[in-house]
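In order of appearance the chains are A, B, C and D, and numbering begins at 1 in each one.
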């Protein structure tokens, strides 16, 4: 199995965290899956991901004091593997685990994902729990000095064959359930360890090995961010996606900052390898956090986010509660011309970035599709002109070795703006002046043009 | 109770770690106590300290793999308080704890100390153990994200009244046993937390409060080092001694480095407040580490160490197995004239430090006792001259406001070297030249002069 | 000469910077000296210090663009030594230098100080200028990679005999002028060099040697801050005062932060050795900066500053334009009972510090004078009670070995508040409760009590 | 002009530094150019680059004390622009500059490059030198706080139109001379400024603008390294090559470390954009440094270096004195099959890296050329097997979307080793075992296979 082969495009799906925090239950997951199957599946949305602490008894019940209740009960099998909390996931009882839920989701033509914390439950180590197909008990493979700084559930696993056996037993279980996607947390940036931020490097490799061994093509997603650029090769070699930012929420400062992060990671997008800008905080959010609300992003900001994520090639994981999705938000998620940019063949490239604006291109050398996007990052209106569009085109194509690209330079061109459908024209060569104004962008707004051929 | 009042001089004693690591037992402690009572007590040596993991079952039994066996059994009472391992400390059975051993040591006219790790046993938190006189259980006061980077036994205690109650219950127990000295570890420098090295600051305060409340004058010693100079005031306010170095062993590089550390901390020695240069690795060492040996320090280095520790005012905690003590080592520990420097009234002051040498003074403004020490830190012989001695005297006394000190400047003086008993004279005023040679120091050797009045 | 002998108390004086920036001229210096002689001298104020760029042509004339005009003309003698700008200091013409001005100031019974930048003028190095009594030219002793990050005038001097010769020639000149005080800048913390903040360590030693050789007792003051605590011994050995803060101005946040700095440095105040809290931004300030104003500090904040500086033992260098001094400000500077605390015999000690309050003591073991100060660092009123006062007294005296101190503990005591003259009483022993309220401090205010005996 | 268009392949040439340090003269440059024209030109070698301080009088004459004599004379024109030292470059007299030398080199069919330090001569700033076509003088555009930490010649240029005018005037001059390549130093990593390592970012942009304006296609090379990965986009946008390492010399530790650097930068090689592994320290080296010698690299290490540089796509700049080149070294530089890898179409990719070995591939999607290289980084022999070769091929091709690549997977293949010409075969599918041994690599050796189609 080649991990790059089974995730050629950045994954699209829904994740329970932004709305439910730790509290999501089976009914809610199904309701969201139903919505996705009915309204989003045909646009490519396919993953339904249950986020953190599906195994924890009473998760979220002491929310004013703890996000994760320390030393609370965890549902666990005889081999030190966590199971769904039967209170919230009734179909899991009797040893069924997530299989019934996965079956349901598969029956809708969708895929099923779960969140895990790296490591082995602390309680298993303290109680010397068994490990499947392994002569050692949990206390022998758990590393008591490897913990997560913000979640109390697990110890890291030592780099040894018995540790690999534990991860193998986990993936064997997940594969038997029908899991298609694993979001592993406290692993991409182990931020408690300031002088060794990638301290769980060996656990990434063990997960990768366990996935290969389990015989099921599971997407591997690493959290939290920011990922470490000096480990890019390692992420690319062993995982499918990795978070390039700490938790992303509906705050313009975070969105503006993402341009800098995309600049850093733009050369690391390829089939099966996706720098991850994190979930899309759209629609209704925050119920599990005790602050249910509609996204704080303006409509312009929402389009800016969607444009950047699509052009850059980030995975798209929707944070909204889908059963409350409004028409506007739905329209953001179903803009087929925008979603068409989301192939690594369409190589993203930043052309300019400063405090006031960003300009990006995406060019598909094979199909010769060319996209150009202008983002207003400032607080005053920003003019986009035909001259800028022509020069951006020139900057992209003149760097291409292919004859076809160079020929294209000498032609006039027409462009469709993907959010409005407006069509504009640019002259054959980059004029030195700015030419006519084709768009005035309000603060935080964007436009994205696709060359018509 | 004023902590400074009951520890006016830097504590002197013996600690089990350097010889026994985690393995010391009751018989061995008693044998060392017997020796101290017989041979060292009259010189001021008084504390017998049982170091780390006296509560751990099988401590040291997997030494090739672990110094501290993870998730091993810990002896614990119903209130989540650790008790001596009855295997190694038979007299502790039946709830007696360390009381019988403390009684024995007290009967010899000595004092009894124990090592503790800050916090509450991890297993107590996971099992929701009770806390004495407290409505909350251990899981509520343990901080799951506060661990020790090198020992797996404990979680840090949260800063809350119930956390204080736990520390109060600990000290109540220790006081009932008759403990006189606590060496608390993983607290002076919580080195796992690189961006918050004093992360257990509140636990220092809680310990201090608990000691005050227990009604027994317990010396509080903080480890490990290096202590943080920017927290000097806090250490001085709440503790009696704090390690200014990571573990100190019989290695010249560490000893040479101690001069720089003493420079840094020299203004922080006062009654009840002692920067701690760590144990004295003399005589027989290392059995518990699987490398029993005589100290690697040369005799010159041993005198250099003793001179610096005494002059600076460090606590003196002997690391040697006392039942194997030889005459030479005994002579180092019983040099009464040297030990007499060990009062904070005798203020230590570095006069010079470079790669080749160190010069220190200690001056008692009240008694007008003046000490001057010369250390050869280089690898070639170092000459000490009458002129240097006279100038050092001048540097110390001329900075004193007292008339008596200034008068003393105009006198010739005679000096006794404290290791050899040799007497030398210096002229009344600091000559510009070097004067006659009074001593040639081999590499790593020292001499220390006391002015005869 | 012993540097500690000729500066037994923290220096008191006036500095031109806070009001004039780089622009002060002879007339203005004299006018301020006249004022000091007439109104402040009798309280101990004595230094008149001309701050930065007295040698620079046109200093301050391009203030909107530069604080220090790069590559502007510098007045310099044939030996690469800077001289006063004759335009601003007319009496310096004809080779007289600062001698006439120093003479004038001495004639008033005051002392004269100047600011210098460490090193040798860059232009002298580029022009291969001569050095007095030295065979090498300036290019050979200047270090081209040692510059100041914020002032363009100088290169650092290399650590070599010819470099010492240059510093010797400087001090010879300054001594011949009658300079009593040198404030050397870019030396205490060479902040351009982030991995070697004390990169000019050797220049401190060279200055100290040059002062000793010049035969005149010049006070050596090192800037800028923050001084490095790990270099405390070096500052104490070679200088008289060193800045423990970056530039201090009339901003409450800076004043509040000073308590933390004083905590850090409290054990480093002794005769001839003074951690320096920087100038007092009182009265009229800022003209040279283009923002002439009265201090932004409230009256409570001004008293808090004066109390802390005096109790801690900081030098007092007035930043105000004295010719515009109002009665209120004058009263701050002439509170004799407050100024009486300013002797290192009166050892400062922080008793408490948190976000809401600070409590300090100063105790003179010889005279048995005891001072206790309470500072409200918060934003709501703070009560001071008789119980707190009694307990603070107990905390100070019970740590003293002297019998007299212990006896004093058992007495009732009366106290005079030094800003108001109010007298209060405290019981003989520290009551456990708070006792009666003796003062309510508004936000940022303080009170300071002297025990009446 | 598009910088990427005129440097589609990584530049190949010779640089004077490794052999001559600062001392190279016209005759020596010509002799090396002659050699290149005669023996290397036909293989693609074309640049002759004069490295640092061609403008400095007496450069190298005080080598025991200084690499760069501080404050020495610099040859400069009336517009503050440095000119060749006429002593070493006689043809430059009379205002000819480097034009005669450039003409000579062009006459051989080669290209001419020079090294510059960023900024403007310090002496020009201090003397208020003129700037061509600019109303301001040098003191107004020089930044006195922006220096190089290791060379004393220049000040950085401020970010202002007049600063751009100065860079424009420089490039106008260089273009008039016929310069084809500029290696700008102290700009890629301004290592003096530890908290702002890319402090001359604006000077990179000004150089880029000046090159575009001068009308001549000059390659822009940035030094020193290590380049900052978070500035990758900026380097790619404004320069042609940037050093990814500090000075590289003939030391195995540096060569081994280069694998890690290539891992980091592998996604940043494209037409006109080349991470630079630094000069090739082959043949005779070090004369100007007073340590003339043959390279310390073994022959195996030399092949390893050449293989990595070529496969990765680094520029190749020979450090050897070419007039002394031996047959062996010449053979390294003229292996046409190896040099054929050096196109960005041949995308480099690390397949494995640990302390013992590295495996790299280069695949040209257009031509379907596939290269696989195995490097022994350890100290014991390393076996390379047919199975490993087959699996590496699979790892590369299975990630390709192209049908042609996938088809290729199912074929047996034959491979030519490029240093030996040996041919080996691999089976059609990656066997799980290792298959037969095809090569045993001694420590530090490598082999590189090209698939025969």
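Following the convention adopted for this analysis, a contact is a pair of C-beta atoms (placed from the backbone, for glycine too) under 8 Å apart; a residue touches a chain by one contact, two chains touch by 3 or more.
Owing to the predicted nature of the structure, the values given are computational and were not obtained by experimental measurement.
Novice: Please report the minimal path length, in steps, between chain B and chain D on the chain touch graph.
Specialist: 2
Novice: What is the distance in Å between the mean C-alpha positions of chain B and chain C?
Specialist: 38
Novice: Can you check how far apart chain C and chain D are, centre to centre, with Cα atoms defining each centre and the answer in Å?
Specialist: The mean C-alpha positions of chain C and chain D differ by 53 Å.
Novice: Enumerate the residues of chain D that touch no fewer than two other chains.
Specialist: none
Novice: Draw the chains as dots and join the ones that touch; what shape do you get: line, ring, star, complete or other?
Specialist: Chain contacts: single closed ring, each chain with exactly two partners.
Novice: Using the touch rule from the top of the page, what pairs of chains touch, sorted by label?
Specialist: A-B, A-D, B-C, C-D
Novice: Which residues, counting only chain D, touch chain C once they are in their complex?
Specialist: Checking each residue of chain D against chain C gives 70-71, 122-123, 125-126, 128, 139, 142-145, 147-150, 152, 192-195.
Novice: For the complex, give me every residue of chain D touching chain A.
Specialist: Touch list, chain D to chain A: 2, 4-5, 8, 229-230, 232-233, 263-264, 266-268, 270-272, 345, 350, 353, 398-399, 401.
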